[in-house]
């Protein structure tokens, strides 16, 4: 399995616990949800920053192959494009043509704290997209696509190009690149243990003493899972 | 195809761009979503204005065949009832009996910036409804149904009786009656072009030069789509 | 049918009208929705109160078999656990292991005005859960699980242990235990009448005179429904 | 003293209690405050309704002696102009020239759930104004001044032309015209009693038994205040 | 100087930094401000918890010498009453008679994340009050005064009876009783240093090297402040 | 008079109208207010961008002479420092030492869409500061001071270094540098006319025909103001 597959399998819940133990508390992209239930994504971040609409700035960078279109046109396989749209729900930040292009280039997905335009067509491309919601308006209602490749804010989290982004039914999480290895290993261990605990609970075991495990349960767990 | 069918096919995204070019920026009913995924509506607006609940005003206009019930009882085939509920999510503004009646009269749908009561039963009628959400309460918790046929505010947009209302997966859009013809024609043209561009992107063409089209692509587009 | 089954069949819309007539206006758990469309619950309330996170308080009551875990470990068949999480969406208040345990003990469901962690796994347990949404974070990001069995606030409603909780597609309603009998009877009567009215509307009858019923319709209704 | 003077002296706190006893709970203009600390107003309401900005509607009613300017130009002595601006803080709804005119005509004040433009100049006119705050923008950023003399919503309260409006340090209250007499009489009685209680508390009397009064205190109160 | 005087002199800014170093990040009562500019308070907390209004619960605990009135009637010299009102701005949580009583008993002040009724009269008592704002309504519009002496949530902070509460122009801070000594000592040291730095900046020294201090500046600081 | 003095005298209300005529609608820093009533500022913008707190990023750029401290240490006479704090009210973005430094260097003021720490001490420096409010916390609670000299977003407006910033009792306005001359000239002309109209209204003239001016009034105005 690739790192991305393992991150996706581990899930945002377990990964966030491992980050929390290392002092990373505000690593969640708040306010976004998958365009369709069940969507998941994981991969390294590319970043795109929008600034508030202003006629002179839009004239400078809004037209032609603007930074937004460049970002979609050049995104690499397995990458996740993360868009800073200042949490504004009332303008689109991507549409179906750009989603198709990202899909064609093998992108892992898009995260935007703004809205999606032509949301049904975007969903139909099969690209995993997490956003605030849908809105019919073009981005120029609120934004100028300003620059790519810088540190951005998205849904309250800082995102550095190259950070890992993981999204699932619980939300979207940002993992600093330097921490991916240790955080993933820890989350996988925790997940194995929690699945074992869940199996015991499904069999009728009480929570008391089992979650968290006391010594007796831990011994049984270690016996069960020893190779 | 009727105007309504064409508007629905064109979709809110493209229509809003054509309105934007004419200086119409705040024509979106913000904060509403379809009661069930995939619902769409298009048609001329009938309007209904609620004012905040007050015992004396409710005594005057809340009971019997009040303005809300009159509006549902007399809505015409293909019309869309738009309700001003001041964006309050905590009270119903229509229920299943009224939805059934609107359905029976052939209404194209309902848009309310308040909530729907008995939402599952309303959805089961098949009527297209866009609202803030669902709430168990009767309208009297927050509203008096005050009058019909006046200019209202719904989700931040002004709505004049006879305006066209279009709703789909991106949201709800209000089109002044006088602009429907030109806006629709332009949106259909844009949509044709964007579908063609999307097909090229699906084939692997880059965005650069294609979206927006440079002269070479435009020539090819015109050749392709010439009759 | 049990009381819980009858409450669930009556639905929150009708029950809230009967409560309203008795002066109970603010009995709605605002801001929550079912984890999956179609979920319903009804049963007597158990309560759990969280307070804002603070290191010393978490050290005192956050670990081991804390009040949250105790509550899930001891919930009884048919009961609904209601959690006061001060409406904060940015931390989980239950996860899949606890949901499994509640399911195993026969709980009717959980209502939390905070978030659910591992929401897909929670939904997979089949437990009916109504909450603000999903979030990957553990509860310690915002909460200390403080105590059980006290009067709490949840989504703007006071909840007394033993109150009846009813949740469906419209939301969640709290019914004081002492009122369940009369409120249920009245709601069932109203529901019977409204179903009959809906049938007439489906046949093409106008609202005028029928909803609310005039004397003629009432006579026909009484004739139709007389045993 | 005039009715307006007596209402102003009674204050919104006491008057709202008397309204509450009569079933009037949502009679507060929420979200507004006086332009300067200490401002008070009382008088019968004139109403003005704005609808969301749209180019065609603004062309129809935004220019010349529009409904807003008419309202200020014709307001009568002692009247209070109440403006429905849908609670939007980001556009002015009156400025200093209109405030001067209202002041010159003897208006008792203005209540707007939108913003004030040129707020310092407006305050300098001496007119009592309660609003959401200040904003430099003209009203056309968000509004079309649509009509006068209709029932409106302002800050969550319904306002009928002729209702009494009272504003002080606690906020703004709407009193239906038909209730002014009885509500005022009751509030004045309560205020007299509360002032007497406050004097006892200032002397060191405990709350217990005094607030609310038991029989002993009531007897003393009646003796003290008997003519 | 008493502990309270020293806490008040140290101020919430410096004290919060010392708490932050010990892992206490969410100790702020968000959303409150002093009733009048310049108000300050410091002292040990008494707590009062309100729950949402419900007729049966209000009948049980709303009348006579209810928990709210008991709390004001028995508050001790130097104490601060902290009220959990769930951040609701639309109902009073204390009025002038209760404020007078607290003032007479020597209370250091009141903190409420709800509103103040009769705010001008409350301010006139001279009691230091920090709240969301002012509102004319009695507490029964939203609350039942439920209990005293328990751990509460106020403005996002947990408050334990006996914690120290400090309020000034920056806001209100909660200090766990066990930490007051060390936090105060550290804040006083920091404040001394920052005053010295401010004096240098006022003389024209650049920030660079001085704030934070490099070795040269630190040596000069130590020389200056040595006894 | 300098350009800054003339901008300050013209005021944000008049200047925003001139910008609006040129298609600049979203040039307001929403949500900020002066630290003390009556504060005004005008001058060219320096910019400072904060990103959300994260331990690794704070370790990289939070300590020593970080970008925030550099910005304050090097701000020039007459300049306005504008800080992007993503509108978060719950952490300080400047304190009294930095304010003193800016004051010493002759800065015209600071605009931050975050909070001010040690607000009373900051106000005491005499520096004009517009912000969301006050908060005791250091910036590290929510921010990493990331970079200076880039285009930022502040309160919903794009700010380019060198834009003119004007703040007064109505709020804060951003004027693109290239437009300052024409916008200022137009605003001064409008202001002259409006002062003349206000004088007529103060004398008792009705609004009708005067505001806006009909031909008769315009003739009189031109006669009056001819040199």
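So that you can tell them apart, the chains are marked A, B, C, D, E and F in the order they are listed, and the count of residues begins at 1 in each.
We take it that a residue touches a chain if its C-beta (ideal position, glycine included) is under 8 Å from a C-beta of that chain, and two chains touch if they have at least 3 such contacts.
Quick caveat, the model's predicted, so the values are computed rather than measured.
Under the contact definition stated at the top, the chains bordering both chain A and chain D are B, F.
Note on connectivity: the fewest chain-to-chain touch steps from chain A to chain F number 1. The most distant chain from chain C, with centres taken as the mean of CA atoms, is F. By residue number, more than half of the contact pairs of A-C reappear in one of the listed pairs B-C, B-D or A-F, namely B-C. Shared residue numbers account for under half of those found at the interface formed by chain B and chain C, and the copies are therefore classed as meeting with different residues. Centre-to-centre, using mean CA coordinates, chain B is 49 Å away from chain E. One finds 31 Å separating the Cα centroids of chain D and chain F.
Distance between chain centres (mean CA atoms), chain C to chain D: 39 Å. For chain D, no residue reaches two or more other chains under the stated contact definition.
Touching chain pairs in this entry, ordered by label, are A-B, A-C, A-F, B-C, B-D, C-E, D-E, D-F, E-F. Residue ranges of chain B in contact with chain D, taken from their complex: 22-24, 26-27, 51-57, 86, 142, 144, 146, 151-153, 156-158, 160, 176, 178.
Residue ranges on chain F touching chain E, taken from their complex, read 63-65, 69-70, 72-73, 89-90, 92, 95-98, 100-101, 104, 117-120, 133-138, 140-141. Across the complex, chain C is touched by residues 11-13, 15-17, 20, 25, 28, 30, 33, 38, 168-171, 173, 194, 197-198, 201-202, 204, 206-209, 211-212 of chain A.
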